[in-house]
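Input: a single structure, listed below in structure tokens.
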Amino acid sequence: MSDSNLAHAHQFDDAAQQHEASWLGMWIFLGTEIMFFGGMFLGYTVYRGDYPAAFADASNRLDITLGTINTAVLILSSFTMALAVRSAQLGARRPLIACLGLTMALGAVFLGIKFTEYYQKFVEHLVPGGGFGLSGPLAGAEQIFFSFYFAMTGMHALHMIIGLGLLTALIVKARRGRFSVAYNTPVEVIGLYWHFVDIVWIFLFPLLYLVGRHLQ
Amino acid sequence: MNAVIAAPRRHYLNVNYGLKSWLLTTDHKRIAWLYLIGVTFFFFIGGFFATLIRLELLTPQGDLVQAETYNKLFTMHGVTMIFFFLIPSIPAVLGNFLIPIMIGARDLAFPRLNLASWYIYMLGGLFTLAAAAAGGVDTGWTFYTPYSSIYSNTHVALTVVGIFVTGFSSILTGLNFIVTVHTMRAPGMTWFRLPLFVWAHYATSIIFILGTPVIAITLTLVALERLFHLGIFNPELGGDPLLFQHLFWFYSHPAVYIMILPGMGVISELIACFSRKRVFGYSFVAFSSLGIAVLSFLVWGHHMFVSGQSVYASMIFSLLSMLVAIPSAIKVFNWTATLYKGSISFDAPMLYSLGFIGLFTIGGLTGVFLASLGVDVHVHDTYFVIAHFHYIMVGSAVMAYLGGIHFWWPKMTGRKYPEPLARLAAIIIFLGFNLTFFPQFVLGYLGMPRRYHVYPPEFQVLNVMSSAGASILAVGYLLPLIYLIWSLRYGAVAGMNPWKAKGLEWEIPSPPPTDNFETTPLVTQEAYAYGVADAQAVYPSGEPANV
Amino acid sequence: MPTLGFPLFPDQASTMAGRVDQLYFFLLGLSVFFAGLICILIIVFAVKYRRRSDDEQPQPIPGNLGLEIFWTLVPLGLTLVVFVWGARLFFVTYYPPNDALEINVVAKQWMWKAQHPEGHSEINELHIPSGKPVKLVMTSQDVIHDFFVPAFRVKKDVLPGRYTTLWFEASKPGSYHLFCSQYCGTQHSGMVGRIVVMEPTAFQAWLSGGAAGGSMASAGEKLFRSLGCVSCHLPNDAGRAPSLVGLLGKTVALQGGRSIVADENYVRESILEPNAKVVAGYQPIMPTFKGLVSEEGVMQILAYVKSLKREEGAQVKK
Amino acid sequence: MSAGHVVSVKLYAAIFGTLLVLTLATAGAAFIDLGGSLNAILALLIAGAKALLVILFFMHVLYSSRLTWVFIGAGFFWLLILLALTLADVLSRGWLQAAVG
């Protein structure tokens, strides 16, 4: 048995095969995720076409400053995640742990800002349901907008929370010295996941926060 | 060696014992058994609901159960049969067992994920059973809004959470299959040497991973609407009642092909083996599987011809629906041509296969009626539709499943099933099935709507015929349950290749060892090398893996 | 047709029925041919090539490109014929003739309410004359229902929040089943009724016999006044709101540069969601009437708006 | 596949900088009325460009096998099917009245 046999699971022939399988597996999973969010994007598109005025008006009730800051925070976290993958590839343990920690911190900041926004919406009675505060002829469609707002950002936040869990596991493994130049697949594929969650937000940001600004 | 009594050969069943060794196994063959137990359980649960439905419909007055109960019965029948039996049946049992062996691998790419898929499936089933036990759900398996989101007073949220959870099991299984087929084929196992069973499962997996997430998010939104009063489908707020239907059928039409494509894969194997011929037009059959998988996503609107969908969209969907009939027709013709100049034997799996071809032809042709706009307007949401999809899902998919279980039973267990009883059961099922569902075509064209608890008295005779057929069908389904369990202990020892079939799974012992192959095979032949002398894979260390 | 004591084929009681049945029989013929062909081939092959000894090894036949192309193109051609035939039929069911008698239908769990233009309303029954096209404008107060008359071969979902239309021309007097064929809750199978097709003279007699509470349009006019619509929607374009005279079927320019053909759904939406589509040149000042007027009321107002023809514009007086 | 391809910190930083600039650009452009649906189109184009940068560089797809490209392409293609065929219904619902009326 050669050394490389120690680094891969029994069903694989070698580490390269195992790496390829994990890499493809994560991409297939992300394809699934595209369709998962795609269902909501479709609903949003249909209603935005039906009720442009209501969507513009409702969108303008979101806090664009916080939204933009959050976009920047998430992009920065993608950057640190990319650096984490690079550190893992180079076998640099300390920078890897630092980058992963930084990514987690930025993710937490994002969630903190997001929940601040949720709280604001709660105070302003913009949460759909019996307590919805808007009235007037546009109120129905505005409630639909806020339903999408909460469903889409909520699903996104859920993915962030799962991502934080995965990053925690990575940090634990990294501290135990599990990753090396030869074996760093988990860092790489969880990196893919994190970037994907970033991409979803890149689309959510203009659709939710920006659609009505020019009509203000 | 010959002086002492040889220790029994090690294989995946006797390598270790105890509940824990099964519940924590990562062996794809043992996981297949876990699934087999799960889907069999749900099949009989679903069958129980069907029995009550058919009993109720014996009389037109609706006097056996209350309307509310009846609505719950057909809903739970649909939900259990579709999400917990048909969708996992062939892929998760036979696919799990066979795909790694057929491509010459030791296991799937992600064995632990495979085990997790089974737990997720059972967890989803648990939610749905809990919903049934708590009083059931009455929306129909289609969960149309706004009935499901606002008006129904039953356990919709719990049920859809169950389906959502089970969806993950499908996604992970599909992901596992695709990665395995891409990365773990044995040397020499090129794409065009793959058995058609593997092609069919590859195509099915595409639908698993790209369709399932859409139903997951759609049902999640329905649950959120019920639990947190979001207003995504609510017409009171201006919500579009057709949006849900688009999202639902985007998955649920391709889901029909999730149920039938693996069956087509099974039939290709069986027809080849029992006529000892290479499948006629191998590459056409292989590509028609992929063609079906892609086209299946372009036709969902044919469920919405009378829903208020735009005329133009309906026409596009009708045209595309016609196209999906073509790859199915190609398969039927090729299977039939495979029989030509073959050496045909009539073992039970072959009886199921021949039954499959006939019933699938009828199911497929009646699908053209439904894809045709003018006729669909009349038969939509009637018993014609019920008959059509039961010809596909029961007449075809379940027949293929049973045929496959019989065919690979010796490989899975090392034992033979009792052949005469099995042939009898296959014939009973075929006759019972036709008596149950053929009258429903007539009922449908007469105009009897589906999901009717009370119906006009002139429809009674046909309904009685259907119920009589269902009782025969029930006998047919109970028989294999009994003799297959019996054969586990008393069946004759099968040997490595009882059917004299070709394929890597027949070159290893029955039951196979845990790692399937002692040395990785080197494939030098096309699939179904019947009539080719000594066609088998090369095993580099010299011997094939048999002992 | 031979009788077995129970029906095997539905009544043909509309002008569409015969045409749908023709396509149905064509499809049935195709199906019998292909299913028969496959079954016969299977049986012949199974008998002729049955295994005679266990060692038999038939010669492999890899395939035949010509055959593959043949049995790809033949089904393709046939399904395209079926598509064109079916689509033409379908298009006809969407084109209501201009002279159709218009009846409004409101569905709710679990009953059908029909309103004739003359003001008669019926529950779970619909009386119509034979030999005259009838157009139904339908909506639902709760969930999705479906108006299905097997003898006419027509069916259409009835949606909440939207109008759908359906038309047919009954050809044979008699009484026919009306089914709700979209699952709508507990008493779904109880949401049935009958369509009574009468000779035109008998229908006229039926119409004059009932105690009609005034026509749809006059009821709509009353609502139009009592809800105050009349104070803005003047007969000419001088008011704060656009004139409604001759509105139906007209192309209306909207704010934002779009335009739309005014149909029943547009009028309905403008009453309940007035700011969704505002006519160019007007302010979005109209209040919503959601909750103030029932679905039947909206249909009455709609009947009134439809009655405002250009040449009769004089009848809208302040 | 990307195994072993190490991207320089400089390139990552350049991509990060571009993404930030694009974010500010899209937020700023949203306040200018471009007329019609141009605002929405521009916002989606910028979002698409940002997503492409993340996919190609941060996710190493630029250095990956053709199979990876196929899988990603399939994901987006299927999303397109969902959007296109549903919108085919939603957008053409009023057409018949227009044709008849």
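By letter and in written order, the chains are A, B, C and D; residue numbering begins at 1 in each of them.
We take it that contacts are C-beta pairs under 8 Å (C-beta built on N, C-alpha and C of every residue); 3 or more make two chains touch, one makes a residue touch a chain.
From a predicted model like this one, the values you see are computed outputs, not experimental measurements.
Enquirer: Which chains are in contact with both subunit A and subunit D?
Expert: Touching subunit A as well as subunit D, we find B, C.
Enquirer: Is the C-beta contact count larger for B-D or for C-D?
Expert: B-D
Enquirer: Going by CA means, which chain is nearest the middle of everything shown?
Expert: Centroid comparison flags B as closest.
Enquirer: Using mean CA coordinates as chain centres, what's the subunit A-subunit B distance in Å?
Expert: That gives a centre separation of 35 Å.
Enquirer: How many angstrom between the C-alpha centroids of subunit D and subunit C?
Expert: So the centroids are 40 Å from each other.
Enquirer: Compute the distance, rounded to whole Å, between the mean C-alpha positions of subunit A and subunit C.
Expert: Distance between chain centres: 45 Å.
Enquirer: What parts of subunit D, by residue number, touch at least two of the other chains?
Expert: 67, 74-75, 78, 82, 86, 90-91, 96 - these are the residues of subunit D that touch more than one other chain.
Enquirer: Among the residues of subunit A, which ones contact at least 2 other chains?
Expert: Answer for subunit A, listing residues that touch two or more other chains: 20, 24, 28, 31-32, 35, 38-39, 42, 46, 50-51, 140-141.
Enquirer: Check each residue of subunit C and list the ones that touch at least two other chains.
Expert: 94, 273, 276
Enquirer: Can you tell me, using the touch rule above, whether these chains form a line, ring, star, complete graph or other shape?
Expert: Graph shape, chains as nodes and touching pairs as edges: complete.
Enquirer: What residues on subunit A touch subunit C, complex-wise?
Expert: Contact set of subunit A toward subunit C: 50-54, 136-138, 140-141.
Enquirer: Considering the complex alone, what residue numbers of subunit D touch subunit A?
Expert: 1-4, 6-7, 9, 12-13, 15-16, 19-20, 23-24, 26-27, 30-34, 39-40, 43-44, 46-47, 50-51, 54-55, 57-60, 64, 67-68, 71-72, 74-76, 78-79, 82-83, 86-87, 90-91
Enquirer: What residues of subunit D sit close enough to touch subunit C in their complex?
Expert: On the subunit D side, the touching residues are 36, 94, 96-98, 100-101.
Enquirer: Touching subunit A in the complex: which residues of subunit B?
Expert: Listed in rising order, the residues of subunit B that touch subunit A are 100, 105-111, 171, 174-176, 178-180, 182-184, 209-214, 216-218, 220-221, 224-225, 228-232, 234, 236-240, 243, 246-247, 250, 515, 520.
Enquirer: Can you name the residues of subunit A that touch subunit B in the complex?
Expert: 9-13, 17, 20-21, 24-25, 28-29, 31-33, 35-40, 42-43, 46-47, 50-51, 128-130, 140-141, 143-144, 147-148, 150-151, 155
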